[in-house]
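Two complexes follow with subunit A in common, the first pairing it with subunit B and the second with subunit C.
What follows is the complex of A and B.
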């Protein structure tokens, strides 16, 4: 495998330095909030991309795991006083366990049928939390008791702390993806995404590989659920199982570059920034204008670069370091 | 010599269609056997039944003494049976090297050893010049080479080749025949489904003829080409005069 070049190292170091000092420099709570959203959705996108991108199993039901993570840590915190730090891992475990029957059901289907099945399972989970009010507060949801500055309970007075947690989560997900991409598992995932029958013919146990990557993806997505609930101090089924989270997880990866390490991050930066800027410029004019413009931009990007913006970024980067393009 | 593959009374129906009916044959170790017959005779179905893509309605398949019925394709491959597909199925987005490495990971999960094994297999099939090309850019014959390299990388003992010569021009067929002979010299047992009679006569020691899902003849190539049933069902009466043409279509 090719070792990281000097330029890549330097740029990566610079990026890390900027990301680490950002909350010190940027004091606007609004700006930090956008950064936190970008980091969190990048994290969810990277988690989704492991399965949806590399293995091309287009799930639009990842919010199921987000919601399970959110509810597990909240229930543990409110009913048993257990720290969300532990709850976050417990939520991951619950999501992994849930991914087994969901995967067992959905992976029997391929292509669009798989996608529809994942949507359905996420909706069913939302309905469960909506209808069984004794179990988890039903439709009205609940607020997380505010303990002030309580790092051990994942509560902080400064937004910078949330920023660093989200940054840490993203770093973990990127490191996991980096390792998988370069191992046999990465090859197996891409092979399954390209042609499952051909992969089976050369000894790839496709059901098991898909199950395993689904578990990893579910665990990470659930961590985001816990984080988000702690960040907004509120949970209800409509927020925790919001279909738009499933969409965004897939969309940031598709726009940024499906099945690539940095694709979801690039996609999130573009989509979140665009949506926030449009909101502040056009949000006060006729209702819906900003969404229309947003959709137009989205369509343009997808038509212009169907394989994702990562290609543009790679080319720009290679021009920058004046290297011959390497083969993908 | 020991039997590498034994197929007994294999049957498979799809609705009202009897795709394979009560077919039995066996292949000895290090032998090259050809499965021939008109389109729809059940050749590819037989491959799919042997390699676990379809489950037979009845009958048994065993390879190197192990029963294969009920196993999934990846387990069949792990037992040493590798196959290629009638329509090549390269992993288009991957390079040739990455394609073949994916096969090599079956026996060794280390990236470096898999890459070394993959290079060897790519070299063997004569695809080294294209090693870093994306598989989707390959020509038809190179895609077939890639499929063979990928199958070889799984270290098979038995190779099932499904119409690897379809769509190739005469000189490419010669290259493919040479490659199959090279594989055989390497000690591999080969089952080949093919329409190109010239190629079959060159490589096969034993031929099984299927028609409408049933075995209608079996034997040495010279006996098969003069068998009246085979001529009627498949070769056509013109074959005796000019046995060089491709029979049927791809």
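What follows is the complex of A and C.
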């Protein structure tokens, strides 16, 4: 790994220290719950960003993998008693396998029609799980048997444990992104994101690169599905294949800074905090408030700063510290 | 058996007329402005609520409220183009896709906040009327909707082919730069395109109101149908979108008749995925954008 700057290293160390001690200091279960949501959606956002951000393959169907991960581990646990820890990896493998035909279909299209095709495939998967009742409980879903404190079955009495799992997942995804950013794959992705035809012209095997990054992204997203199901002890097609998860994965990345390492994390912190404040302020009874605010934030970012909050921060930093001329 | 089949085809054809209005709007915007409008369904929803409120507050017949919903949505279209879409033209895919997607989310959720998720219906004297023709059952409200939808589509086609502004629009769709050199103001043409497309969506909403409930999510069904129809009919092609929409209506109706009542959407999605698998190059020459 390349040497980081002294300040960056100190900041990162401080951040890690704060994140690790947070559950010890914060005792409110409500606050921990929000932290877990932030970590989980950051994780999903980072996974989406690998493909959507760097290669600009703007999927709105990532919930397909989230749902497959959730169902794989739950089916394995309930039907065969296999630990969700293994189920999590199995779900990732299922998602990787599913990403091949889905990618084969969707990558034939570019731009908005790729996006529409990904929405359609995720919807088809949800309809399949709704329709075939004897296969996986149909529309009613099922609850995960509560075993009390059973770490081997990914069940814990304290919320802090879930917090650390989510933090670990996020750390893994960030490390993968960091490595990819500095690898050939990362440069290929950015080249495809800039101009796919030009990338192919200089010898980038675009279909293969897109397939590979889709597999990685799908694997990680599926892990989040297993984690979430274990956390809420419940699964049904409407939760596991909820379109809003696809939306949030893309939204946090775009708002934070598309195609950047920390963008999805910053975006999630902003969006989730806003949504929590709104809910405590207005009460959760008013439907539609959260997505109204999300869509307003999204429009603001797109119209004024398509580089996201990271872009705003970088500009401000350059203006403040280096006094270099800033490009608009 | 043959009768059931014929009846299913007729049902599909009648609702296909409404799909056509939505699809033609999507394909018009795509053809001229080169943007996929993810919010087109929400404008159908707005058209429905306009008709609903005119009917319940002032007793206006939903069909007559076309004369309100269409101009209102035309103006909305011009505003959306001028203040929103114009700002992301020429940018890359991300802003173009997510701007109209954000608009769709915004309209849907504002409607959910202000109007709740309740179904609203308008009952007119012809809502339950039907007549029999060659042994087929034909509901009057759907027939009116179909006939008017076809008439509006024909009017749009005439406008595009027989007026200067329409020709300018087609010219801008074919080659924007050359059209500009010929003295066509693209901003004006784009505003009219958005206005017309949204007016069609508003018309679809008003025509639906006598026989279809209004609710905030109602547009999603129609916009998905429209996307599939627009892909099937080749992007930017109005006649193609029209024919594909009628086919989609029939396919959906046959699915409901022979597979099950809730299988309409599955049929639609499978048609989309099948189209993508079988003739991806047919979709605007392999580069669907």
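The rule we apply is simple: the second predicted complex is superposed on the first by the 289 of 328 C-alpha atoms of A that agree within 3 Å, B and C clash if a C-alpha of one lies under 4 Å from a C-alpha of the other, contacts with A are read in each partner's own complex, and residues count from 1 in each chain.
Just so we're on the same page, contacts are C-beta pairs under 8 Å (C-beta built on N, C-alpha and C of every residue); 3 or more make two chains touch, one makes a residue touch a chain.
Please read all numbers here as calculations on a predicted model, not as lab measurements.
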First (subunit B), second (subunit C), both or neither touched by A:277: neither
Which superposed partner A:298 touches (first subunit B, second subunit C, both, neither): second
Which superposed partner A:184 touches (first subunit B, second subunit C, both, neither): first
First (subunit B), second (subunit C), both or neither touched by A:199: first
Which superposed partner A:113 touches (first subunit B, second subunit C, both, neither): second
Larger contact residue set on subunit A - subunit B or subunit C: C
Interface residues, subunit A side, partner subunit C - complex: 56, 58, 60, 105-106, 108-117, 120-121, 123-124, 127, 131, 247, 250, 254, 258, 286-292, 294-296, 298-299, 302-303, 306
In the complex, subunit B residues that touch subunit A: 51, 53, 72-75, 77-78, 82-83, 85, 89-95, 98-99, 101-103, 105-106, 109, 111, 114, 132, 134, 150-151, 153-154
For the subunit C and subunit A complex, residues of the former touching the latter: 35-36, 38, 84, 87-88, 91-99, 101-103, 105-106, 108-113, 116-117, 216, 224, 227, 231, 265-266, 269-270, 272-273, 276-277, 280, 283, 286-289
Subunit B contact footprint on subunit A (complex, rising order): 1, 182-184, 187-188, 190-191, 194-195, 197-206, 259, 327-328
